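Note that chain A is present in both complexes that follow, paired respectively with chain B and with chain C.
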Partner chain A sequence: MQPLVDFWNAYRSTLTFALVNSFFALSTYAVLSVGILSFATVTFAAFGGFLGVRLVLQTGIDPLLALPAAAAAGALLSYVIALIFLRLESHWMALASLALILITRVLIINVPGTGGVNGLSVPVTLPFFMFALVLLVAIIIFWRLSASWYGIAARAVREDAAVASTLGIAPRRIQTVAFVISGAVGGLGGMLLALALQYLSPDTYFVNIAFTMIAAVVLGGSYHWAGAIIGAAVFTALPVIAQAIIPEFQDVANGVVLLLIMIFLPRGLIDPRAIRLHFAARKAVAQAPRDATSPAAGGAP
Partner chain B sequence: MDLFLQQLINGLALGSLYALFGLGFGIVFATLGILNAAHGTYASWAAIIALAAVERLNLPFIPALLAGIFGGGLLALVVDQVAFQPLRRRAGGGMISALITSIAAWIILDSLAGTATGHQSLSFPRDSYPDTIFFVGGIPLPAIQIITVLSMLVVTVSLHLLIRRSRFGSAMRAVGWNQTAASLGGVNPRYVVVITAFLAGATSGFAGVLGGISTNNVSFHLGEGLMLKGFAAVVVGGYDDVRGTAVAGVALGVLEVMTAQYLSSGLRDGITYALLLGFLLLRPRGLFGSAGFSRA
Partner chain C sequence: MTSSPAAASSPLLEIDSVDKHFGGVAAVSDLTMSVEVGSVAGLMGPNGAGKTTLINLISGLLPSDSGAIRFAGVDIQRSQAHVIAAQGIARTYQNVRLFSGMTVLEQVMAGCYIRRGTSLWASFLGLPKSRTAYKAMERHALELLERVHLGHRAHLLAETLSYGEQRRVEIARALGTNPRLLLLDEPTAGMNVQESSEIGNLVHSLRDGGLTVLMVEHNVRLLKDFCDYVTVMNFGRLLAQGSPSECIAHPDVQAAYFGKSADAERIRARR
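Right after this comes the complex of A and B.
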């Protein structure tokens, strides 16, 4: 039992951050799953986080009650952003969302109530199991969504928006919904990050979150929601592991691992297509006559 | 009035740095189609290499500058071959894969730069660069600012001539448009890509060394600052035209300095990023970009 307790004490904060990062990854995945590369998650997180924290500081309500408020704030902002940004072509949209993050930081510094450059200390937090519980709720929602009409439509839009619209799917509407989901989850993640860090500064929500989260999603696999969570976990654990093995070069190790995965596993760790192909191949082997060494069996790319 | 003129000169010099950096960033974006998050580190490393050349090897200004520029170019070449070349062999993926490998390269190079400088902000020794200050009508005009503006002009004109008037430039534009079609036309895309990456790294490295001298700051923050502003210059200017980048970079520099002087220093970055977002939303091809240039 003792080793478990030691492990828990040593890595509780790492686990908490892995959970929080899962929200950012899920938020990034939500838009990526309809074929949009957007960094706006960071802006939604900042909006949700600062609004939620102000709410707690101002009214003294339970931080748990501030979570829905942060999610709603993120969703509202993302709807407005979607109306403006979805008119842009995909790569311009990615750049515009990057510009949005840069502006967010300037706004945080200049708008009163955010603590400006000095930052804002957050006097409340949540127990670990609450973080896990909220993530569980998010996972259930993503799981149900992926099997719903929306999930199927989202996959169609991602593969080919033109084909999707000939099937009676309105790509713009699906993408707007994706943005709102991304905003709600991002706002929630922003508030949870504030509660985990217990401190907010203009640099809390900046380009580095956007980049690591995109990397986490692609690393985990951008074709399934589980990929986002696995990716976030790996990306949170990597620095800790590297810290233990080669302390002076932990960031370098992170970068090298990311590079290797991207080059050798371009579709990520969780890849539904590869898993399906794997099972299909095994089935083919089972059904094929014993003597025939069918090339189809080994044909899964 | 003197204050205004002096700030105008400061703005021009700062803007020239943004422009010079943006030129390198823009070539990679327009020709290789890569949004390269690691580009800022080329500038940081070029400055670190030049500083090492000055301090360890006691080289004079010009050779140290050249060492920095060459180092930046070489670094860009290595990053391109290690992080981007494996992706080119596979179909699809496109911008996202390259963006992520560039993030990986950025993490690696940034942390190595942090280690190399001991996580401090270093600066060039006073006697290692021309630090004369000319006075024109009572307005101070540091030599390094004049060098920065002139270098930017020379590099812009040469790059423009290279891209628009030379055979190699035609090959670059062809590869930027469509690699397969370019190779059908007798262009070796790999060769063009390697040279382009080197040129881009060298140009941004140039900005890094000059920026390191004029801001008295050689650290990994140097590249990060240049990167964000250079990116804005590329988008505002129109990324398939180097003249646009130069004009936009200088304009952004002047605007920033004037905003900090006459409005509020807190809005300094805001004005650049607001312009960046405004252009992306309303005129994505930028000031000088050609219509219909798009990369699928």
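Right after this comes the complex of A and C.
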């Protein structure tokens, strides 16, 4: 029992941050799943985080009640951003969202109520299981999305937006929905990060989150929501584990793992297509003896 | 050439002196043609004649520079592609464009999205009514796959199928939108004689079911056997219009396909 307790004490904060980072990864995945590379998650997180914290500081409400507010704030902002950004071509969109992060930082420093350069201390937090519970809710939402008509439309838009449009799927509308989902989850993540850190500064929500999350989604796989969560967990845990085992390796651990993944598993750890192909291949092998006796089948894949 | 016999009703698709330029190149220029309700119309012409561009203009993937395109009397020239699809025009692609990573059934379901008969919210929440509608649509998608003889392939990844099968998946996906006009861009490219005839028979059975078809086709036998009338394009312009055998025998068409020195000069001048 004691080793388990030790492990818990040593890694509880790492686990918490892995949960929080899952929200940022899911937010990034939400837009990637309709074919958009956007770093705007950071801005949604900042908006949701600061707004939620101010709400708690101002009114003294339970931080749990501030979570929906943070999600709503993120969703609202992302809708406005989507209206502007969806006019841009893919790579310009990515660059514009990076510019948005820089603007966000300047705004945080200058807008009253954010604590400016001195930062803002957050006097409240949530127990670990609440972080896990909120993530569970997010997972259910992403599962339902992928299993619904939205999931079919999103995959079609991601693979070929022009073809999707000739099937009557409005790519802009689907991408706007994706942005709003990304904003809500990002805003939620921003608030949870504030509650985990219990301190906010202009550097809390900055490009490092964006890069880590893109990396997490690339590693986990951007074709399934589970990829985002696994990627976030790996990228949160890896530096900590590396520090415990080989301290010199800590700073490059994420970079090395990312390179390895991109070279050997370009579609990420969770790849529904590869899994399907694998099962199809196994089925084909199982059926091979039967097919051999009836060559009339012809044109086997 | 002769225009189609004066129809009692107005044509389903009217293309009225449409122009499309890419820089200095006229991909389609001053083209006028129409497709009658319930017919199988052929569109032929040598490579680079502007056939695919025309299909792209009709389906809304490209905006035309000038002229008018009317579908069932409604001007669709400035409409977005998804609006045009909703009005009842579906298409396939010359170079098969299926969605990567989706099974055959999912491809067709993507085609059925437009008439899912339930809101995205209801579908997200998994309401019983929405689930029933989804199941019904899935059965319908399977029926469409049976129609193109791919029912047994429904749960395979589409990219593992043969080329000819992928073309048929595309047709089933287009039919998923329940179109009034189906645009087929070289549906038999890369198919053998038997497969081509199957496509021809499928097109006929679709027409008998009330669908109007406009198909880009090079296969002379298929045009003769399956098209009611043919439009021939060359260098973006209308070259001939009429019955398949008339068009194929037309000296200008022969010249365009088999070449004359004058044509060679014109091609060189355009480069």
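Observations, loosely collected:
As a convention for this text, the second predicted complex is superposed on the first by the 288 of 301 C-alpha atoms of A that agree within 3 Å, B and C clash if a C-alpha of one lies under 4 Å from a C-alpha of the other, contacts with A are read in each partner's own complex, and residues count from 1 in each chain.
Assume contacts are C-beta pairs under 8 Å (C-beta built on N, C-alpha and C of every residue); 3 or more make two chains touch, one makes a residue touch a chain.
These numbers were taken from a predicted model, which means no experiment stands behind them.
Model built by superposing both complexes on chain A: chain B and chain C fit together without a clash. Of the two partner chains placed by the overlay, only chain C lies in contact with A:148; chain B stays clear of it. Of the two partner chains placed by superposition, only chain B is touched by A:84; chain C is not. Aligning the two complexes via chain A yields an angle of 90° at the C-alpha centre of chain A, spanning the centres of chain B and chain C, rounded to a multiple of 10.
Contact with chain C, but none with chain B, is seen for A:280 once the two complexes are overlaid on the shared chain. Contact with chain B, but none with chain C, is seen for A:92 once the two complexes are overlaid on the shared chain.
By the touch criterion defined above, A:211 reaches chain B but does not reach chain C. In the superposition on chain A, A:103 makes contact with chain B only, while chain C stays out of contact range. Counting residues of chain A touched by each partner, chain B versus chain C, the larger count belongs to B.
After superposing both complexes on chain A, the closest C-alpha pair between chain B and chain C lies 11 Å apart.
The touching residues of chain A, when paired with chain B in their complex, are 37, 84-85, 88-89, 91-92, 94-96, 98-100, 102-103, 105-107, 109-110, 211-212, 214-215, 218-219, 248-252, 254-256, 258-259, 262-263, 266.
In the complex of the two chains, the chain C residues touching chain A come out as 59-61, 80-82, 84-86, 90-91, 93, 97, 99-103, 106, 109-111, 113-114, 116, 118, 120, 123-126, 134, 156-157, 160-162, 164-165, 173-174, 176-177. Note for the complex: chain A touches chain C at residues 144-145, 147-150, 152-153, 155-156, 159-160, 162-171, 177, 223, 272-273, 276-277, 280, 299, 301.
Those residues of chain B that touch chain A in the shared complex are 35, 37, 82-83, 86-87, 90, 93, 95-97, 99-101, 103-108, 110-112, 114-115, 228, 231-232, 235, 266-267, 269-270, 273-274, 276-277, 280-281, 284, 294-295.
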